[in-house]
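Below is one structure. I have some questions about it.
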Amino acid sequence: MSGYLLAFLALAALSMAYIGNSRAKATHKAAVGKVHSRPIYHGLNVAIWTAVPAFVLLLVWLVFQSTIVNQLVLAGIPGSENFDPSASSILMSEVRQVASGNLFKEPSPEVKAAAAHYQSLQGIAAYLMAAAVAVAAAIGAFFGLKVIGSRYRARHSVELSVTLFMMFSSLLAILITLGIVFSLVFEAFHFFTKVPFTEFLFGLRWEPQIAMRADQVAGQGAFGVIPVLYGTFLISAIAMIVAVPTGILSAIFLTEYSHPKFRAVVKPLLEILAGVPTVVYGFFAVLTVAPAIRDLGFALGFEASPNSALAAGAVMGVMIIPFISSLSDDAFAAVPRAMREGSYALGATKGETIRKVLLPAALPGIVGGVLLALSRAVGETMIVVMAAGLIAKLTLNPLDAVTTVTVQIVTLLIGDAEFDNPKTLAAFALGLVLFIVTLILNLIALHTVRKYREKY
Amino acid sequence: MNMMSEAAVEKALDKSMSDAGLKMIGKDVSVYYGEKRALFDVNLNVRKNTVTALIGPSGCGKSTFLRTLNRMNDTIDGCRVTGKITLDNADIYDPSVDVVELRARVGMVFQKPNPFPKSIYENIAYGPRIHGLAKTKSDMDRIVESSLQRAGLWNEAKDRLQEPGTGLSGGQQQRLCIARAVAVSPEVILMDEPCSALDPIATAKVEELIHELRTNFTIVIVTHSMQQAARVSQRTAMFHLGNLVEENDTDKMFTNPDDQRTQDYIMGRFG
Amino acid sequence: MSVTASSDLNVGVPAINWQSDDMKSRRKRRYAADRRLQAYGLVAIIFALGFLAILISSLIYTGNSAFTQSVAKIEIDLSTGGIDRTKLADADWRGVVRGALRAQLPGLSRSDERKYFEMFTSSGQFILRDAVVADPSRLDRKSTFVIPLADPFDQLAKGQVSRDTPEAQRRVTDKQIGMFDQLVSKGIVSRPFNWALFFNADSRFPELAGLAGAISGSFWSLLVCFVISFPVGIAAAIYLEEFAPKNKLTDLIEVNINNLAAVPSVVFGLLGLAVFLGWFGMPRSAPIVGGLVLSLMTLPTLIIVTRVSLKSVPSSIREAALGVGASKHEAIFHHILPLAMPTIMTGAIISLARALGESAPLLLIGMNAFITSPPDGVFEASTALPTQIFMWADSPERGFVARTSAAILVLLGFLVLMNGIAIFLRQRFERRW
């Protein structure tokens, strides 16, 4: 339905633009004195009046329709006033299933009635929506056509609309951040009503398996974030141990030693490493790297877990190499040529110049790059979801399996999520932690890099 | 046979010139940047314990020539030098020559002061340290002190040796760079418009310094200011469009040059 | 700075013997250190590129076999069988298929026959049914019917199951191998290109599983992502670059955009889950939600890229347009934006390629559902290429290992194609000012 309405609006806008254009031409011809805007602006103005308010109405309608219909259906089910939110949401999803014809078992008569009610309401809502949108478009078109005249400043009006759209677009960036913050904080707040804040922050056990039924033995879950954070830290540290030296050394080679032709070929090849989707790295870690590490460990007499922190961390490190390499590259390139020449003129070798002059001078830029890379490692998801473990463990052994924040978010939310379960809500609390940690890292990194750029 | 004798003759010639107090000899020096030729067969000698000024309009090749004297052009991609340049009669473009040693013997000061982002002390200690000129900490302290004294910066800097070199004023930074070059005890110091970024007072200080350094070092200075060339140098060479127009005693050059173009340039007719 | 003072100093200028053995060996060590650093750099590059080479070659090595599929071609004569033309869907297709198979290897005992039927995909009946529905003329004649072999026998045909392994450790029995060899000697088994990989949707059976659903799901998601992020991104960039006053708010937006570009993708997934699914009640697993989340993710990058390319258009062009009486909007939309467009398109395609490879946020909004038909639009449940890879990578059947690698190769192929287009655009249309 909404697809047809969108098409209708597009068509209406186009035809109104045409009508407006020709009308304006006619009035301009008859006009005495100066004409303000070219006819095309009048056409555009009518089109905007026709389509934009109707489109906004359509969006708002779509956002609220399902909530309102659900409320009405729920109100129609006898005894629903006493349901708690989770029960009513389960009931509603059953109603929706029945309404769309997916029958797993014969539904109860109440549900059947509710499903019929739901279907009829949906139908009414769809027609109402179509009617409302059409009326809005018609009113808009009427106004748009009415104002056409030789002195009407259609260009100003069109440009004002465009500017408003542009302003809204740039505000969207803030809206997205607010959306992230509010959704995370809101759900995390719910979580903290069920699990004490201090237990989450300082707890040393992470066992989110809450009993599905009261009689299950699994019992109470534990939601201490420390071991999860620790696992994240361990894997990120392994990744950085792989990526930082490799990235910086390769940047040194490419900027200072290599022939320009070599650089022109190798640099894009290195960038490919950053362009490979992370799910591919995850698969590679599971398929090739983890067994290799296991075999190697076995040969050396160590026992390695099939999803060792080392495998996930090492593969993640390789993924991050190009970030560090290209940011270090920028940092080296930003060191003025005079600095190099000053060192060469004293008889320093290339290596001495790099180690004693370039590296210290480029250090802030490199540090910024490393922090950005670290933030990426902390937030990286697919590699760890596929290659790291699920059990939160406080261990120093890189051959052991640990879990990370992102792994827990994904495992807690995969499958059908109900919003009132501490398990689901825990994922949002973890998301909040992740967001804050990466935000701090990013802010420091961006600040360091920017300050450093100003210096030269 | 013929070649051998020619080489022998050249050697004898070089020897006689060095006896006349020549520190560096440039013979038929040409420089190419890729396809573009920047210097055309320049023949120029640098006398021992003398300040030689290179003047000429911008883009004339004077800086390019200066940079051939310690092979700084090697650091530029696609730059090629032909001809022969000797330092104490040894060809500095010979494949067996160690650039690191050459640059230690032929130091350089640049147009814009370029202290390293380190402390004043470390700026000066950098050269001696990489070349291993100081065995002990007190050796290094002595080198740092004497270099700063020679550069006339000791009194201003002795209480702030651990502060960053970039915190000094422009003139002080340039003298720090001179001290840095002096610390390696070079035989020749090349200066590429060392005062162009400085104010008149700082310039006067640096010029005075150049004058004093002459007793111990051979100095080649590129300058765009003819007054400066007249003030600090004993010999002057005039470049134009990649050619050496004239080389002469500074006094003669500025009073009675041999070449019309030199005269025009000095009179301010071009450049 | 008196002359006498400095003369005193000059007495002590040490003459350094640069040719002393000490100096010579020191220089040797210094050059060695220099070469060492160079070698470390080279080793680092070789390590990184070597890893890339191993990654790609291991994917090709494991994935190439999935591009072919072992099938048996058997003749079926439907004109004799009692198929009710009016009720094609309800006919006993299973019986027909089994009969035809039986005819190939007659005289098997009941238990051997069961083993024999295991060699073929269990969905053969549906394939035959669909083929007949598509072409009813098959009912009147003998026609060739292509039935895929079940995964273990596909592996056997490709030599990935070794006959030397003890019988107990492999999924095919010795007897089945014997029957398989008989079929091969009759010339029934062949291994054509596996079109099903591209035209089938997902399936529980590796021999039938394909990427059609994932590819169309990714296509719809990217379409939504492009339709939203492209205009909004350009509009925001133009506003910030050309119109916005310099104040606290625009500074905040600026910092905000740079920050958003570095927020982990999984956080965007949480946003999508809480806002689009939780509050707005949009359908789960649908490409519209996936596209929305991806568009929020690509928006910051797109804004940054667009601003850079707007900045690179010289201001003389803007002044020229304003000088002939164009309004500020006209100067931007008629002159600056078209000139910046090639670079913006390049950036947009690269961002889309990045979005195509993104899986974490799609997992959270449920685009990892098991769905056996491609979606018809943006509101239908679907998977996407990377989430399909994730699901297949998790499947225990051996055939899915090869298929996962093959799916990755397909995904990488799309990425190479998109980046190739971007590079082409850049080289063909980019102007240097």
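Just so it is clear, A, B and C label the chains in written order, and each chain counts residues from 1 on its own.
The criterion applied here is as follows: a residue touches a chain if its C-beta (ideal position, glycine included) is under 8 Å from a C-beta of that chain, and two chains touch if they have at least 3 such contacts.
Please read all numbers here as calculations on a predicted model, not as lab measurements.
The most distant chain from chain C is B, comparing centres defined as mean Cα coordinates. A count of contacting C-beta pairs for B-C and for A-B identifies A-B as the more extensively joined pair.
The geometric centre of chain A is 18 Å away from that of chain C, both derived from CA atoms.
If you average the CA atoms of chain A and of chain B, the two centres end up 58 Å from each other.
Among all residues of chain A, those that touch two or more other chains are 349, 352. In chain C, the residues that reach two or more other chains under the touch definition are 30-31. Of all residues in chain B, those touching 2 or more other chains are 100-101, 104, 130-131, listed in ascending order. Chain A contributes residues 260, 336, 338-349, 352, 356-357, 360-361 to its touches with chain B in the complex. On chain B, the positions that touch chain C within their shared complex are 98, 100-101, 104-105, 130-133, 146, 149-150, 152, 185, 205, 208-209, 212, 215-216. Chain C meets chain A in the complex at residues 30-31, 33-38, 40-45, 47-49, 51-52, 54-55, 58-59, 62, 231-233, 235-236, 238-240, 243-244, 250, 252-253, 255-260, 262-268, 270-271, 273-275, 278, 280-281, 296, 299-300, 303, 327, 329, 353-354, 356-360, 363-364, 368, 377, 386-387, 389-390, 393, 401, 404-405, 408, 411-412, 415, 419. Residue ranges of chain C in contact with chain B, taken from their complex: 1, 3, 5-7, 9-10, 12-16, 18, 22-23, 26-27, 30-31. For chain B in complex with chain A, the touching residues are 70, 72, 75, 77, 99-104, 107-108, 110, 112, 114-118, 126-127, 130-131, 177, 180-181, 184, 190.
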